[in-house]
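Look at the two complexes coming up: chain A is in both, with chain B in one and chain C in the other.
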Partner chain A sequence: MVKPIISIRELHKCYWVGTMPFPALHGINLDIKPGEFAVVAGRSGSGKSTLLNIIGALESVDNGNVEVLGHDILNMNRDLRTQFRLRNIGFVFQAYNLIRVFTARENVAYVCQLQGKSRKESLDIANHWLHEVEIGHLGYRRPDQLSGGQQQRVAVARALASGPKLILADEPTANLDSMTGRHLINLMHELNQRLGTTFLISSHDPDVKRAAGRLIKLADGQIVDSWDEVPKTPQSLASSCPTSHLPLKERLRKLLYQRRKARASKGKVDHR
Partner chain B sequence: MSRWRTISLTRPRENSATPLRKRCLLCYILERRDLFYFFPGELMSLSTTTVAHTILTVALRNLLTHRRRTLLTIGAIAVGLASLIFLWGFNEGLHRNMLGNFQKAIIGSIQIHRDGFFQHPELSKSITNPSRVVDSLHQAGISDYSTRLESFALAASDFTTQGVMLIGMDPVREGRVTELAKRIGIGRFLAPEDEYALILGATTANNLQIRLGDEVIIIGYDRYGAMVAESFTLIGIITSGEMGLDKGMAITSLATLQEMMDLNDRVTTFVISSDERNIPSLVSELEHSLQDESLEVMPWYTMFPVMKEWVTLHNGFLYLFLGVVLFIVLAGELNTMLISMLERTREFGVLMAIGTTGYQIAGMLLIEAAVIGIAGIIFGIILGYASVFFTGLYGIDLSILLGSTSRFYVDPLIHPHLKLDHLGITSGVIFIASLIAGIYPAWRASLLQPVEAIRNG
Partner chain C sequence: MAESYRLSLLTYLQLASRNLLRNRRRTLITLLTMSFGIATLTLLSALNDGWLSQMKTNFILSYTGHLQIHAKGFEASQNLNDRILEPEEISRLMQGYPEIVGWTQRIRTSGLASAGGSSAGLQIMATDPEQETWVTSMDQRVTEGVWLRPGMSHDLVLGHTVAQNLGAELGDRVILMVQRLNGEMTSEVFFLRGILETGAPQIDRSLALITLNSAQQWLQMEDSVTDIVIRADNHDNTGTLYRLFAQQLSERKYEIMQWLELDPMVKQWLEFSDAYGFVVLLVVIILVLIEILNTMLISLHERQKELGVIVAIGTKRSQVFSMLLLEAVMLIFIGAILGYMAGSSIVYAVADRGINLTHFANAFEFFYMDPIIHPQLTLGSAVKILGATLIAALLAGIYPAWRATHLSLSQALRIQ
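Our next item is the complex of A and B:
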């Protein structure tokens, strides 16, 4: 049996506004296996972002156990958490959140430099990942010279550049148009398949849910539903296809081929 | 093996092989670990230098991104520092002018008397062996000195009498230590061939109702206590504008007074001129060499401490002003740093989320504060030094305020002069102030919670 990369038991989190409690998460139990492409879905205020923040060692909890990569992150101090995030977790935020004074490749290289890699090595890694997310030619542009989709690709490259085993993406497509969002999700899915990096994405975007390898539905701070394999209709497959310019038959054929390939490689944790 | 060598050998080859022209200077310096040989190897590892470089880059680029704000803050610091430097320069010029005039007027830099003479000037306390003092002065390398004979006396004209301090001066040597000759407004100063010629202050001459060429009777006591009286001719009147000189002083030649008081070669006072900085060392050297002679070696500030205290008080006002400027600098930079911090709260949250520590965030803000401070100090020094240099060259004419004659030993034309210790203290304090201005925002930023910062930033 594969040890889960994320293991959550009886997680409770409550926000307080003055003396008024606002329960965010209530009795969450969740295991995420390595290499999964999991989507946490739910309405606004259902606790998606809170769950991701807790898994990302960004937020404290009231009760429960959270283990990420075998580490009890709740018992880590502030500096250890920072180091843990730097070494093991990549973040993709809704609002891209790139460093505005850096170029795209410097943004990606930043995390590598924080890890202690030399500037040259870091920039080489940044160039590699920018090519992986198909914007290698935009490396010298600053965030304000990039479109939203391009910025989010830079954010994905930045998340991957530190070589994390887990990527947490909080509503990554929320600020993008549907087509760009779809492309981004396909890219992340493809990277998940190819690299075996675990992706945990929070979203209420139907396209993201369709692409999910596993869908976790949250409502009022509780997991109300969880599928290991999301049933897909031909339409949903077509809409999540990166080759949408091809005729439908051809697209479906390509997608089915990709899915078969993905199934064949299932269980492989790390391709690198 | 030496520490230097160990660290040099650990320098990565690929970095040294990289062409210099393609890399930024900062990157080059930080990756040249052998330049930081004074740090232990593990502290100055490649990862440390890389992280330091990254943090520095973010800090510097942030400053460049907000050019207007950065320049305004740097400008405020520079103008504050420049005005302080100018004030210090003006103050120093004023003090030099005043103290120089004070010493050159009549008292000199150092005086040597018999013990107790300064408090109770009596001819019985004259220096019996002046040649011994002259030898000591020569040993100390002092050539600018003069000898005097000083005693209280009564000056009488046809109309009235007035008490005066009667001073016998060597007309030739006196020019080396004082500029009394320049203070003669009417008539002339003593010449070597003058006998029984007298110079009086303007107020005394006025009180005695006498003019140039008139006869003045001087009545005094010789060294045996016997009353002596001689007739003198008024050849000069001092019109300095300073009460101490214009009132109560009568000057004649040393030889005349020695003859009148029957003191032959004896003198009561040696007056020495010296550079201000050398006075303490000269005093201790002379005290040491004349310790067997029962003589008192007194610098000007021991004889007239009120002048020294006035200078200290005046400097105290400037320190007060320095405090005010510091407060303005502190408030200005704190404002800039706080705005910068609040504007970038979200960015700091993101940086923390992706692995930047609170210390690194704090370091980033402190670097920004330090860079602003250093830039402000550099421009401030250039501006301030230039203002002191040019005004020092041509002088600042205060004759509108002071009139054409000097008052309280201050000439109307002030030449500002900058002392390096004032420059160092002011710049150092402003640098520390700018760092302090960065500490609070840096501390606050380091305590940010990433999620809160991203959510609310």
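Our next item is the complex of A and C:
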């Protein structure tokens, strides 16, 4: 049996805004096999980006286990996570997020330089990947001299240049017109087929979903087969956010919230 | 897994310079403000160094020389019994040192002068008139009459305030009265041949100059003297000569004093000037620091997302720290160089002509200063200004750089 490249068990993640809890992920269990072209689909706020950020070692969790490439990324310190991302994960963001002051090829070469390669070697690698994503002729342009689609191709080239085993793409087509988006997804799919690199893409774009080798649907922080939106009360939201794993500050904040709620409801009873 | 890779310096410099050019107007305004501060600081330092140098030169050349050798205890007692018995032996030591421009022997004692119906207490100084011209510029300060010549055994030169107080004019008889070695009082008649203005009021109101030979005979001191005064080729060699004579002359018999020790007020004034310079430096540097800090924090705020991205794709936080710090250092370095160049240009433009402060001439006179100040650039103040700005750059860069390394990645990436 092939060992999964991503293995997630009982993953919980809750955001707090003041004393209000906002559960983002609730009991996620997921395995992604090497070489998959998987798409996480779901509405805005369903937890897609949070899931990808956690897999990308960009965000902490409240509870659960996350193994990426056999490494328990939750138990890594900050520097180890950075090194892990550099060596193993390529990122494609919704808003391209290129370094504004670098040209396209410098943006791509930058990750190679971070890996210790010489400037010349890095630029050679960058030229190669820019050709792979069909914009080799635009290497000397700065991001603001490129269209959205071209910028996103630079971002794909940057993600691939470090030789990662996994590429995480968070809504890569969201800022592109449908034609450009379709081209980009075809390109990513083709690279997945040719290179065998695992792609995990979050999107609610039907074109992306159609291209998916595997479709994972998220709703309200849970993996579902179909949309199942049940409006939740603040109490039920709070109860879905366990506190034992939270830092002391957040535990206190939650305790205060629960106390205030209890006092409010007691007040109501007494009043009656 | 935790391999550590370094980004090349070129990449850091490229990032820092391009980030500075990202908002050209803001960078330009910051640079202009900073350059103005550094230019002002350079000009103030040059003025300070210029007038301090003038003050030292005037002080040394008007009276004291760079070094004085006395018999042990003379400076405190001012007693003729504390005298140098074999001055020629010491004078022989002077030969062969290119750092020594000239030296002279003197007798110094206090006494009384009377002319017409007036009398005044004064400091009588007997010197070799020819040797004295190698050590001080007193001969050039004679405003009326003539400077002393060898063989003028009953002639004297007075400070112009003393002459004024006594009501004495050229050719008048002036009676000097002093105490001899044996303690008895003696008086002698001299003729006023010259009046001098040293530029230092405390000297002009107390000095009476006679020739060394006449004083030695009159006071029955034979060949002995009270001071041997040495002039060095430049102020900086005073210490070298001091050490040289300290090694060669017996500490029990002689005291060797540098010019700074001979007038405590001048010493205090120099120390005050240093303190004043330091305060000005501190104020300007703090202003520069605040300016840079402000620029860097605004820039950091605008680039939170980009910084989040570069950490996300594998940049270590220490590398982010270095990037931001280098940006601040680069900004201050350019500002400091531009400011220093602007300040230096102004200094060069006015150095020869000087800055005329005749309006405050009376106040300056007291401190051996000329009313026209010639600003002077020195290596010391350049090192101080540029060194202090570099420290300011590091201080101004550290906080934003530290803030950058503590950005929440998930929050930074969510910024629209």
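Operating definition for what follows: the second predicted complex is superposed on the first by the 225 of 272 C-alpha atoms of A that agree within 3 Å, B and C clash if a C-alpha of one lies under 4 Å from a C-alpha of the other, contacts with A are read in each partner's own complex, and residues count from 1 in each chain.
Assume a contact is a pair of C-beta atoms (placed from the backbone, for glycine too) under 8 Å apart; a residue touches a chain by one contact, two chains touch by 3 or more.
In this text, all values refer to a predicted model and were calculated from it rather than measured experimentally.
J.: Once chain A from each complex is brought into register, does chain C clash with chain B or fit beside it?
T.: clash
J.: Given the touch rule stated above, what does A:H204 touch, chain B (first), chain C (second), both, or neither?
T.: neither
J.: If you stack the two complexes on chain A, which partner ends up touching A:I99: first (chain B), second (chain C), both, or neither?
T.: After superposing on A, A:I99 lies in contact with both chain B and chain C.
J.: State whether A:L80 touches chain B only (first), chain C only (second), both chains, or neither.
T.: Only chain C is touched by A:L80; chain B is not.
J.: With both complexes overlaid on chain A, does A:N53 touch chain B (first), chain C (second), both or neither?
T.: It touches chain B and chain C both.
J.: Taking the superposition on A as described, I'd like to know which of chain B and chain C A:H12 touches: first, second, both or neither.
T.: Neither partner.
J.: By the touch definition at the top of the document, which applies to A:K120: first (chain B), second (chain C), both, or neither?
T.: first
J.: Overlap of the chain B and chain C footprints on chain A, residue-wise?
T.: 53, 56, 58-59, 78-79, 82-83, 85-87, 91, 93, 97, 99-102, 110-111, 113-116, 118-119, 158, 162
J.: Which residues of chain A touch chain B in the complex?
T.: It comes out as residues 53, 56, 58-59, 78-79, 82-83, 85-87, 90-91, 93, 97, 99-102, 110-111, 113-120, 122, 158, 162.
J.: In the complex of these two chains, what residues of chain C are touching chain A?
T.: Against chain A, chain C makes touches at 1-3, 5-8, 10-11, 14-15, 18-19, 21-22, 305-306, 309-317, 319, 409-410, 413, 416.
J.: Flag every residue of chain B that touches chain A in the complex, lowest number first.
T.: 12, 14-15, 18, 27, 31, 45-48, 50-51, 53-54, 58, 61-62, 64-65, 346-347, 350-358, 360, 449-451, 454
J.: Help me check something: in the complex, which residues belonging to chain A touch chain C?
T.: Touching chain C: residues 53, 56, 58-59, 78-80, 82-87, 91, 93, 95, 97, 99-102, 106, 110-111, 113-116, 118-119, 158, 162 of chain A.
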